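Beneath this line is the structure, given in structure tokens, with notes to follow.
First chain written, first letter: the chains are A, B, C and D, and each begins at residue 1.
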Amino acid sequence: MVLGMGLINHVFSEDSLKKLKVANLGIGHTRYSTSGISELENCQPFVVETLHGKIAVAHNGELINAKQLRRKLMRHGVGLSTSSDSELITQLLAFTPPLENDDTPDWVARIKNLMNETPTSYSLLMMHKDIIYAVRDPYGNRPLCIGRLISVGSMSGKGKKNSETEGWVVSSESCSFLSIGAQYYREVLPGEIVKISRYEVQTLDVVPRPEGDPSAFCIFEYVYFARPDSIFEGQMVYSVRRRCGQQLAVEAPVEADLVSTVPESATPAALGYAQKCGLPYVEVLCKNRYVGRTFIQPNMRLRQLGVAKKFGVLSDNFKGKRIVLIDDSIVRGNTISPIIKLLRESGAKEVHIRVASPPIKFPCYMGINIPTKEELIANKPEFHDLAKYIGADSVVYLSVEGLVSSVQDSIKARQENQNSLKTNKSRVRKIGHCTACLTGEYPVELDW
Amino acid sequence: MVLGMGLINHVFSEDSLKKLKVANLGIGHTRYSTSGISELENCQPFVVETLHGKIAVAHNGELINAKQLRRKLMRHGVGLSTSSDSELITQLLAFTPPLENDDTPDWVARIKNLMNETPTSYSLLMMHKDIIYAVRDPYGNRPLCIGRLISVGSMSGKGKKNSETEGWVVSSESCSFLSIGAQYYREVLPGEIVKISRYEVQTLDVVPRPEGDPSAFCIFEYVYFARPDSIFEGQMVYSVRRRCGQQLAVEAPVEADLVSTVPESATPAALGYAQKCGLPYVEVLCKNRYVGRTFIQPNMRLRQLGVAKKFGVLSDNFKGKRIVLIDDSIVRGNTISPIIKLLRESGAKEVHIRVASPPIKFPCYMGINIPTKEELIANKPEFHDLAKYIGADSVVYLSVEGLVSSVQDSIKARQENQNSLKTNKSRVRKIGHCTACLTGEYPVELDW
Amino acid sequence: MVLGMGLINHVFSEDSLKKLKVANLGIGHTRYSTSGISELENCQPFVVETLHGKIAVAHNGELINAKQLRRKLMRHGVGLSTSSDSELITQLLAFTPPLENDDTPDWVARIKNLMNETPTSYSLLMMHKDIIYAVRDPYGNRPLCIGRLISVGSMSGKGKKNSETEGWVVSSESCSFLSIGAQYYREVLPGEIVKISRYEVQTLDVVPRPEGDPSAFCIFEYVYFARPDSIFEGQMVYSVRRRCGQQLAVEAPVEADLVSTVPESATPAALGYAQKCGLPYVEVLCKNRYVGRTFIQPNMRLRQLGVAKKFGVLSDNFKGKRIVLIDDSIVRGNTISPIIKLLRESGAKEVHIRVASPPIKFPCYMGINIPTKEELIANKPEFHDLAKYIGADSVVYLSVEGLVSSVQDSIKARQENQNSLKTNKSRVRKIGHCTACLTGEYPVELDW
Amino acid sequence: MVLGMGLINHVFSEDSLKKLKVANLGIGHTRYSTSGISELENCQPFVVETLHGKIAVAHNGELINAKQLRRKLMRHGVGLSTSSDSELITQLLAFTPPLENDDTPDWVARIKNLMNETPTSYSLLMMHKDIIYAVRDPYGNRPLCIGRLISVGSMSGKGKKNSETEGWVVSSESCSFLSIGAQYYREVLPGEIVKISRYEVQTLDVVPRPEGDPSAFCIFEYVYFARPDSIFEGQMVYSVRRRCGQQLAVEAPVEADLVSTVPESATPAALGYAQKCGLPYVEVLCKNRYVGRTFIQPNMRLRQLGVAKKFGVLSDNFKGKRIVLIDDSIVRGNTISPIIKLLRESGAKEVHIRVASPPIKFPCYMGINIPTKEELIANKPEFHDLAKYIGADSVVYLSVEGLVSSVQDSIKARQENQNSLKTNKSRVRKIGHCTACLTGEYPVELDW
């Protein structure tokens, strides 16, 4: 079993991959440390011995009613040795409901019991003997997808007869499959319980949401978290980001000489903006190699330093020019200011900021580590004259409607297309997205 | 709270001591890794959150019915994340019996409940808020004693008015107190539950043994494990070992030129033997500094190497002489052979081995990591001609009776003395010792 | 003194920068490990005690006649404790020539003596007491430039009166200045000896090349090594790379749907190519964050693995399209093959490779770690049908003439411009570049 | 070649021993870090490339005229990269004297040249190709001896026909041989140059001292540094120490109940004292396992702490008794005070200190790291009433004459014995010892 904490390249080491091939099965969730606590204590998966043998649980997300569930378990006499949801989930699964026979643990019943006790937010893997159960919460808030490990010889022969399934991997992001020699197979659906064994991937059940509730996949995965080559809901993240840039060009055009990007995360949006408004796309900053992504560094001071050392300036490309600079998001407002200052000092005539997402205003209780309300620039007085505050000639965010349509239009188009083909599939599942950090509208009651 | 695993000098670092002084309370059990598994997983103390707040448990020993208790907990729906008895004890304490009110946890009732479920072998500390409960099993199999931290200024003024208690420490061995500036206060009695707070040490209860059962303190603590300056049952370990040597001189005299020791653990016995038989005490081996004690090294290969590099030979002291070499115990027989060979090659005329304890023949289920029955030299065919096997001119072990009287005589003398003084204390608690590894007589049924 | 080996961000730590500010002076060369040996032994700077106090030497490059110079020193009775040119240079500087008085070391005379003994390739720093001597070899093969540390308060006020010089830094690449809060001041000229103290930067001498020899700055710094925001010979590396792309579009056009890049080093050339030929610039690959640059990893096996895990595929951007993929160089040919395979498997209709530099055919003896002749794809039989070998529809390299004009045209234009202004400066220094790895024409005799 | 710094058990790891067996030759000096600087820079052996190939030099000691020799080399134009005598020796050996032909380095001539330039204090090894030269300075100040590695099979068959020499090792202390499976062969004599190759050990020359000068082996090796099982000048260190104790009993008797030791270094002297005066030898302190030797810890604060945690007290052994406590030396006086206090608090009636060596009063310039004059207790005002200062009932040191006779008597007896046998060997080499730290009489002029 692959057990570790860190970036995916570290976790899936050569050795662990070799073991994966032997075992055909393995679990290991690797995301940014979202709760700010990277302690060993919270290392996943969490393994316990139960009456029916060992089970291992790894998960992504944050149980909306964790506090209530912890109290319930402790009232039952269970001591909890960590603050992690993984232990909580594991003990909830270990707890034997009266409905089942002692000798034959009904894991699916236990998982459904767990899903009834907590509606969101989690994608989880549970391993028992040679079976992995992959589960996504009914709202589908956190991503989860399945990849197929194929034999090395047949890797190039995609789709050919001789490609042979050597095992399955489950990940939050499809992009991780390529680097370990696996192919994207499919997403786990909201509420779906999938059983994965050596030879098959089988849907055991799909737990429904309350009548009328739309699904609630985290829209910030599209905006910021996911790698551009990841696929969610049938579409590439890169394409969504480019559409956000195009939409932004429609919503907030500006007279300028060139469009550029805060590399590299805003580049798809910048190319979309440039294409839509007909201005040339020009690079004004280059990344200083070997400096990690700003957002991940957990410590405030390091973040400040990281920004200062992060970019090189390509001054000859923009001296005396008016720049439209696209950023993917402005969260605290302390990253963009020094960049604008740098560009001006290096000769930019004007710097107009266009942000390819709406302002973040509300906390996330579903697993994303967003700064406190007080730290968010959108909740500060300076937000009323943001351009002045950050030193820009102008600054405009994408509208919530613009973001939602950039995300949902092509999903809906595809759905309608499929519906016209398969008319017998009458009930279309209602598609929605969690925009809580932008709108304050949470998919479920907070004190569920 | 002092949390760590290792030798006591490492665990009680300067920093943790400083914290102790502030906190006045702290727990931390440090013994040789007896179960052979030094994994972080088994690191003590084990801390869990319960309905009534966090509790921390550290213990020494091995529950005789751990397997049954684990199964009981798992049947109740509790998943166990480690193989340690510490977690087992912690979850048993967290489990709420029906007798108690939700808001006021009756820890003493829970501890007594635990003691009813398992008779031995454990000495344990439980910490909740600002209270430590120190508990020794009814048989007193594992040692436990209390020390008093006094203010630095008053440390030299032992017993003087101005000495002020700054806190309490609890340890398996009294010898550890000196090195952290604490004074020996008293032993925890078999079955005793002691409550320790900032200002007082209070006996809450003494859980009795079944009628007629004697106490069963591990006799091997005297023979091998404890440091010579430790005090158990009112006597210094060094004194017991010297008496063992004197008794051995009575039981197994030999005509020789000098008495010597396998340094350093057999030195008290060797001095006792030499004194009793009137032969000169002479050093024949010197310890190679910075090589750890053989027994502790968990790995077989390292142990072999360690022996070879452990000693220097003081050949000028014994050339042409007949040596009586005292060892504290012969467990596997592979340490003494190369020593005898070394002495002979360096000029010894005769080498007679006298062992200051009886042969170990049986496994220990109470916390001491004894080799398997097959590894014990006393269970091998070679034992019938042991002198030949190890290359000695003769070899004699101390008798079980000799050991027991060396341990118990002075305790009994003291008891009788006290009884004659306080005649009103009619019922003398029956003193016994666990000699299971020597005799096969375990203090309780093994499948309790 | 800043002493270390690694990437520039590591070497110039916060602490060492703080010390720099106190000391006002400091040296530290940090380049890719070019000779393949990253041992501590070769750590720079090299410090020795001489008759006149300690001197420290750091350098970049490789002495073309190191072997002869080592032998000369050893014949003089000096033992050499490392294989580094730094020690060699240090001992050559320590060696007292007869011309000088014992009490007043004439470091400039010693440096000139060293430059007479070895014509190239080195940029070096020597520190003695509070003076740094910055030296570039007469051919200017390795880069060297000076930066000015200004007081934090005045950093934004570039060029303003109140900016105050707080110290000087010397670096191989100007781009490193920004991240430590320094400003680009100027290049050290070929053959120039610059004395740097607290308050001044002063040219002590310029050692000439043999009559008629052009300068020989390494052209591969423009093509591959330098960061795009570095400035050499008055031009930004990014601009040169874009011109290479434009020139490549003229030399090797192709009918296709889109132009793309192997990110990120080929992006300037790809944007230049796209602009010149009028095709859209589209991203087809995204970098896998946190995987280091392929070229730097010293170990062959790691390089192979690194490539496989390096990129994500943006398949929706190019399905069914004909791609012109720009790469900055093809050295061994084993990086580009799996990329082409990846693109085809993900739906590319055609993949045409255009390389923004000529093929590397010859070894470098001047400090760049180029694979052996046998490893270079241009020297293998497969080079005759390279497209087939790497799996491309076509592959064309930039011509040597095209590269040289992309590099030199704007330098010459500027020179002529200056000459027309300052007609009294009659003798224009002959500008050239070292293209030895491409053409086999080395700037000096190899057995100098 | 075995290269490292640390305790001998670490340096001669299993792996390096395996290599030794293959190579048959290896050098590596391991002593306590005597100059207080444990930096990597001073790591031995020092290896340089010379005109005649690589040479490696390891040494023990301190050149009495190092400063003058460093200046001489630097005047010759050699930069010195470390402050170590090893580099100094290496460069002096690399320096080609005019007398020798270029192609055939006469290492012996070079070594003799070195010995003419510096009289003491050094024992050194030089390795060139497959030859090791082992050299001891003419005064023999530092120890050096040769051991024979024999085949494993024949190790027990010491002196038997089938023992086969597998290689040679050279060490400062003979005791290190046993732990690596080697046998003591012989000492290198003062001034001797020994050539060691695969099959032979050959004396090349013996460089004489100035007429009349006695040899000057460091007497403190007997008193403190050497392990008791080491052999110098034909006698075991343990025997010398016991004779010191006997002599001390003659010089400074005391009426008391028991004789004891500060374990473990003073134990031989204590046993000698007890035997001579007829008092029983009793242990009063036990060593706290796993705390390193006080003297070695380089840091003052650690030393203080180390003392406090170093010992356990065997109070039952001495309650109400008068103790004569033997210590091997009192250097600063801050170790013995807390011990005396501990014994008194634990019930000792009287504590008389007897020191088995004379007081240290003078600095050592020959390789032993003695505290500064100001730190030495013998140079402080408190020395005049030392018993009061340290809290003892009385304190007496061994006389210098007593120490010298304890060391020299048996050597002289053996010499005379040999002379009477071999009368033709007329000129007896004059035996002496360096007692500079006790008497201020240095074997050579300090500004040699």
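Definition applied: a contact is a pair of C-beta atoms (placed from the backbone, for glycine too) under 8 Å apart; a residue touches a chain by one contact, two chains touch by 3 or more.
Treat the numbers as computed from the prediction; the structure is a model and nothing was measured.
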_Path length in steps (a step moves to a chain that is touched) from subunit A to subunit C_ = 1
*Based on the averaged CA atom positions, which chain is farthest from subunit B?*
C
*asked:* Counting only Cα atoms for the centres, state how far subunit B is from subunit D in Å.
replied: 39
_Length of the line joining the C-alpha centres of subunit C and subunit D, rounded to whole Å_ = 54
*Report, in whole Å, the distance between the mean C-alpha point of subunit A and the mean C-alpha point of subunit D.*
66
*Interchain pairs in contact, sorted by label*: A-B, A-C, B-D, C-D
_Residue ranges of subunit C in contact with subunit D within the complex_ = 46-51, 55, 70-71, 74-81, 83, 87, 90-91, 93-96, 102
_List the residues on subunit C that touch subunit A in their complex, please._
7, 9, 14, 156, 158, 175, 178-179, 227-229, 235-236, 238-239, 264, 267-268, 271, 275, 280-283, 286-293, 305, 308-309, 312-317, 341, 345
